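Chain lettering (A, B and C) follows the sequence in which the chains are written, and residue indices restart at 1 in each chain.
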Amino acid sequence: MAGISREEVANLARLARIQMSDEELDHLSGEMQVILSAVAKVQEVANSDVPPTSHPIPITNVTREDVVTKSLTVEQALSGAPKKSEDRFQVPQILGEE
Amino acid sequence: MLTFSEAMTKFEPTLGLEVHVELNTKSKMFCGCATEFGAAPNTQTCPVCLGLPGSLPVVNKRAIESTILIGLALNCEIAPFSRFARKNYFYPDMPKNFQTSQYDEPICKNGFLDVQIETDEGPKKFRIEIERVHMEEDTGKSSHVGGATGRIHGAEYSLLDYNRAGIPLIEIVTKMITGTGKYAPQVARAYVTELRDIVKSLQVSDVRMEQGSLRCDANVSLAPISSGKLGTRSETKNVNSLRSIERAVQSEIERHANLLSKGERVVQETRHFLEDSGLTRPGRSKEQAEDYRYFPEPDLVPVAPTKELIESLRKKLPEKPSERRKRLQQEWNVPDKEMTAMVNADLLDTVAQTIEAGAEKTLARSWWMGEISRIANEKNVVPTQLIAINDVVELINLISTGELTDKLARQVLAGVIDGEGNPKSVMEKRGLKVVSDDSALMQAIAAAIAAQPETAEKVRAGNIPASGALIGAVMKSTGGQANAARVRELLLKHLGQQP
Amino acid sequence: MSLLKKTATEQAQALAAKQISATELVQEHYAQIKAVDNEVKAFLYLDEKNALAQAATIDKKRAAGEKLSPLAGIPLALKDVMAQANVPTTCGSKILEGWRPPYDATLVTKLKANDVVILGKTNMDEFAMGSSTENSAFGPTHNPWDLTRIPGGSSGGSAAAVAAFEAPISIGTDTGGSIRQPAAVCGIVGVKPTYGSVSRYGLIAFSSSLDQAGPFARTVEDAAMVHAAIAGFDPKDSTSINSPVPDFVSAARKKDVKGLKIGVVKELSGDGYQTGVAEKFSQTLDLLVSLGAQIVEVSCPNFQYALAAYYLVAPSECSSNLARFDAMRYGLRVGDDGQRSAEEVMNLTRQAGFGREVKRRIILGTYALSSGYYDAYYGSAQKVRTLIKQDFDNAFKSADVLVSPTAPTTAFKIGEKANDPLAMYLNDIATIPVNMAGICGLSLPNGLASEDQLPSGFQIMAPAMADDRLYLVGGAIEAALKDKWGKPFWEFAPKLKGSKC
């Protein structure tokens, strides 16, 4: 069973956009170690001849016609915004923006 | 500094082109919101395209059909079973922080597109192989506020408009394009041009690069000639015109060649094309590579187009742009070289429309490719931005009926371009008119004969070619406004010769 | 007898006969909520003003002789995972505190169309991740049978509300057992419908391929009535099944299991169950035999991998589903001081807004999907799903329904398993296979465990779109047990301090 390092957990937290304190990282690395060794059990039976199931009920080709339906009003669209300005969502500066 | 042609004696380029096409469906990819360009901010949004908690996507049927049409036109296999996947990464213009896209099961794959360019050895065909055509959704738009006039603490933020979020986007990815040598920039441009024309002919997108409904990313790498190796690539993002594609590829080839010939490394990175200088600059480098964690989209079910659907769409395919070109070339009786020039100048459709509107074929071609293109080039705009097609038709018809000479027509064109009105009103305002009043012409002819009596004698004696000097004098004295053919007719008759 | 202790069916009859008004019924339930919920803590939000206004409208409609749904005027408690327009919807998380959706979930639209009166939103484990409701950012809900114990989870608030007579019916969601396990430990009926048979539009996703909303009630027939109201195809949910819904209510009323084959899943009936729970299970099997059913043993060898597969599939999907909570468009925003970038504000908001269990699962899911690990973890888990489906398919060849104890134990003490995620995950061992295969399951109370006198649950499982079989078997067991006890199960429940009934 492959272990998981604290650095790996820190990288996962970065990918998942969750700031973590040293204490949180320490705690979580330990827990992940235990959980991963438990869930690795799936590998025992997951042979290459078993097809994967991503949808429990096999349905295909569900579509809608290309018809315009009513949108929200600007007020509704922005109703949950922590900040807004000029009918747009106001957010902190986005890095790497043109 | 190596020049482009020096670089091409040492290195071989490999290209990869990714083209994004926004479909022109009425509603978005996964919801019923409208897709109008330029609508007021956040007026075309709903729980689905805002990514509100609990909302779910449903695929737009027409988007699937449009994508299959593109695939068929690009000679692709249409997958009997394809799926959407989530591409996970955080960016504020993406409401769900994943993009619903396709990953290992795209709807179309393994196609090709032939393009023709003019080479030193004449026209040459290149086959561009298509890796895949897949469906995804566009992002919203962010704009930066503050900071432009010096940094003021706390004054910088961004504003988000999600009208564009969820508009159907088709990504067309080529396989590696090799063997183009020094023609790489032209091939890249010809490919995007051809692709654009095909998509346009299918009527599934507006393909307006200036509005962003067609966007191109160009991957370029260089390797020493015959090395059999593949160099490190750079990816130049969002190149926004056909001309820029050619320039971007050329400038990346030059940049790579100069680095490599100095023994330096090319960094694998994303770059931005700078319209003014024609160069590229590096994008923001990420400290660590993204890991998109693709997995099948559980909120959507697989797309399994039936054979019947595919065949019914195949029947809808219009005449291929390349076949149309062949047909027009025959109809217009144009040499290969001129035809290629017209295509490369992106004026084929314009010329065709001018002719369809009643203008004479040869004049339509020569005016667009000649004088209009020359002025456009001077002003650094595209010819169609300079003048409307119906004004050109009017101008050409005035030439055809003899109301304008070539020389006068140029002055009229300048007037139209300067915003003085349509050709007829420019003629009136500027008093530009062919002098077709015979008595006025006869006065000028008499004056010319009086000035050059010896020449007149020669003509009287049957030396017709000598009349040229007299006609020239008449044209000069009338300020170019005379119809030269009429002058010749009157002159010869006056001197007792049969015209 | 107090109106509160009547079943929804009885309340509906009283309303139809104009013996009571919807306004009175709704008022009585609010009075009960105010009397007991300071200790039970089932509700996060009460929509009293709107609910009473709606009740008044229904009373007017009834007085005018309009034809109404059988559920018209019946109060209902709604799990706070369902979007309800203009009503706070938190998912038990700080990250959504204060958010009021601008739209209704399809399930809410259907309830409103049936004139069901939504009393308010109920507590839950944050984003439905948990089996005890201890993971709610707003504090735990308490089990009405013993306030020191958990009500199960994640739909603990909805289960406790029904068990405490705060509402006759409620809505929960079930991703790995989140309706059936709380139903079991609160001594009520809970149903996880076939995946795709109840619209997920407006259900705030935890794990999209597993989530399914369903009813809680005190009787099988009441659950059937609610299920019938919320089931059916929804063009807004691509995974919604477009086929006719069976008649659940008739099935619940039939009370006849003669000749039915009841499959006991060997792998779900061995060790690992609390003695009293195992005893009640075998007594229920005896009861079924006495009713004329036939017991067969079936084997589902791959169920032993279900828990591991579940803890890969659900976290993977949740890591993606919960990415949208980023402080940009709605919900909590932390650290926006005008200096920090959007990215920094996202990181800080997600640190402050998500609880421990949610972070644990997001990190686990991020890992399972990341390049280099996908095949070993997420990919393998999807293969296990195939195997579990095959096991069910085989088992249903020899049995009409399958049965097992719902949960391995009765309600445990609040705090007992809070620091041991793996022990907590084991609560769902018997319920998870149903979600993995997308089939349906029902839990009903089958007695009190001998050692602690707390409710034990009996699980019935049926093939996809055969949810009527759950009601057929559940209704028969319920009727036989009531005969045996001489009273409905809820009459065993201790009276809560201040309770109006």
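In the analysis below, a residue touches a chain if its C-beta (ideal position, glycine included) is under 8 Å from a C-beta of that chain, and two chains touch if they have at least 3 such contacts.
Note that the coordinates shown come from a computational prediction; the quantities given were computed from them, not determined experimentally.
Asks: Point out which chain occupies the most central position, where each centre is the mean of Cα atoms.
Replies: Per-chain C-alpha centroids compared to the overall one single out A.
Asks: Counting only C-beta pairs in contact, which chains form the busiest pair?
Replies: A-C
Asks: Measuring from the mean C-alpha position of chain A to the mean C-alpha position of chain B, what distance in angstrom results?
Replies: Computed value for the inter-centroid distance: 39 Å.
Asks: Could you tell me the distance, in whole angstrom, between the mean C-alpha positions of chain A and chain C?
Replies: Chain A and chain C have C-alpha centres separated by 24 Å.
Asks: Round to the nearest whole Å and give the separation of the Cα centres of chain B and chain C.
Replies: 58
Asks: Can you list the chain A residues in contact with two or more other chains?
Replies: Answer for chain A, listing residues that touch two or more other chains: 15, 17, 54-55, 59, 62, 64, 72, 77, 80, 83, 89, 91-95.
Asks: Taking each residue of chain C in turn, which ones touch at least two of the other chains?
Replies: 99, 102-103, 209, 235, 238-239, 319, 323, 326, 328-330, 338, 342-343, 346, 366, 370
Asks: Which positions in chain B are in touch with at least two other chains?
Replies: Touching at least two other chains: 47, 50, 52, 58-59, 90, 92, 156-158, 160, 291, 293, 295, 298, 300-301.
Asks: Would you pull the chain C residues touching chain A in the complex into a rising list?
Replies: Chain C residues touching chain A: 99-100, 102-103, 194-196, 209-210, 235, 238-241, 302, 304-305, 308-309, 311-312, 319, 323, 326-333, 336, 338, 340-348, 350-351, 354, 359-360, 362-364, 366-368, 370, 376-377, 379-387, 389, 421-422, 435-439, 464.
Asks: Quick one: which bits of chain C touch chain B in the complex? Just the residue numbers, please.
Replies: 82-83, 89, 91, 96, 99, 101-103, 105, 200-205, 207-209, 235-239, 316-317, 319-320, 323-326, 328-330, 337-339, 342-343, 346, 366, 369-371, 374, 378
Asks: Along chain B, where are the residues that touch chain A in the complex?
Replies: 25-27, 31-34, 40-47, 50, 52, 58-64, 81, 90-93, 142-145, 147, 156-162, 272, 283-284, 288, 291, 293, 295-296, 298, 300-305
Asks: Show which residues of chain B lie in contact with chain C when the two form their complex.
Replies: Listed in rising order, the residues are 47, 50-59, 86, 88, 90, 92, 95-98, 153-158, 160, 291, 293-295, 298-301.
Asks: Using the touch rule from the top, collect the residues of chain A that touch chain C in their complex.
Replies: Touch list, chain A to chain C: 4, 8-9, 12-13, 15-20, 24, 28, 31-32, 34-36, 38-47, 50-57, 59, 62, 64, 72, 76-77, 79-83, 89, 91-95.
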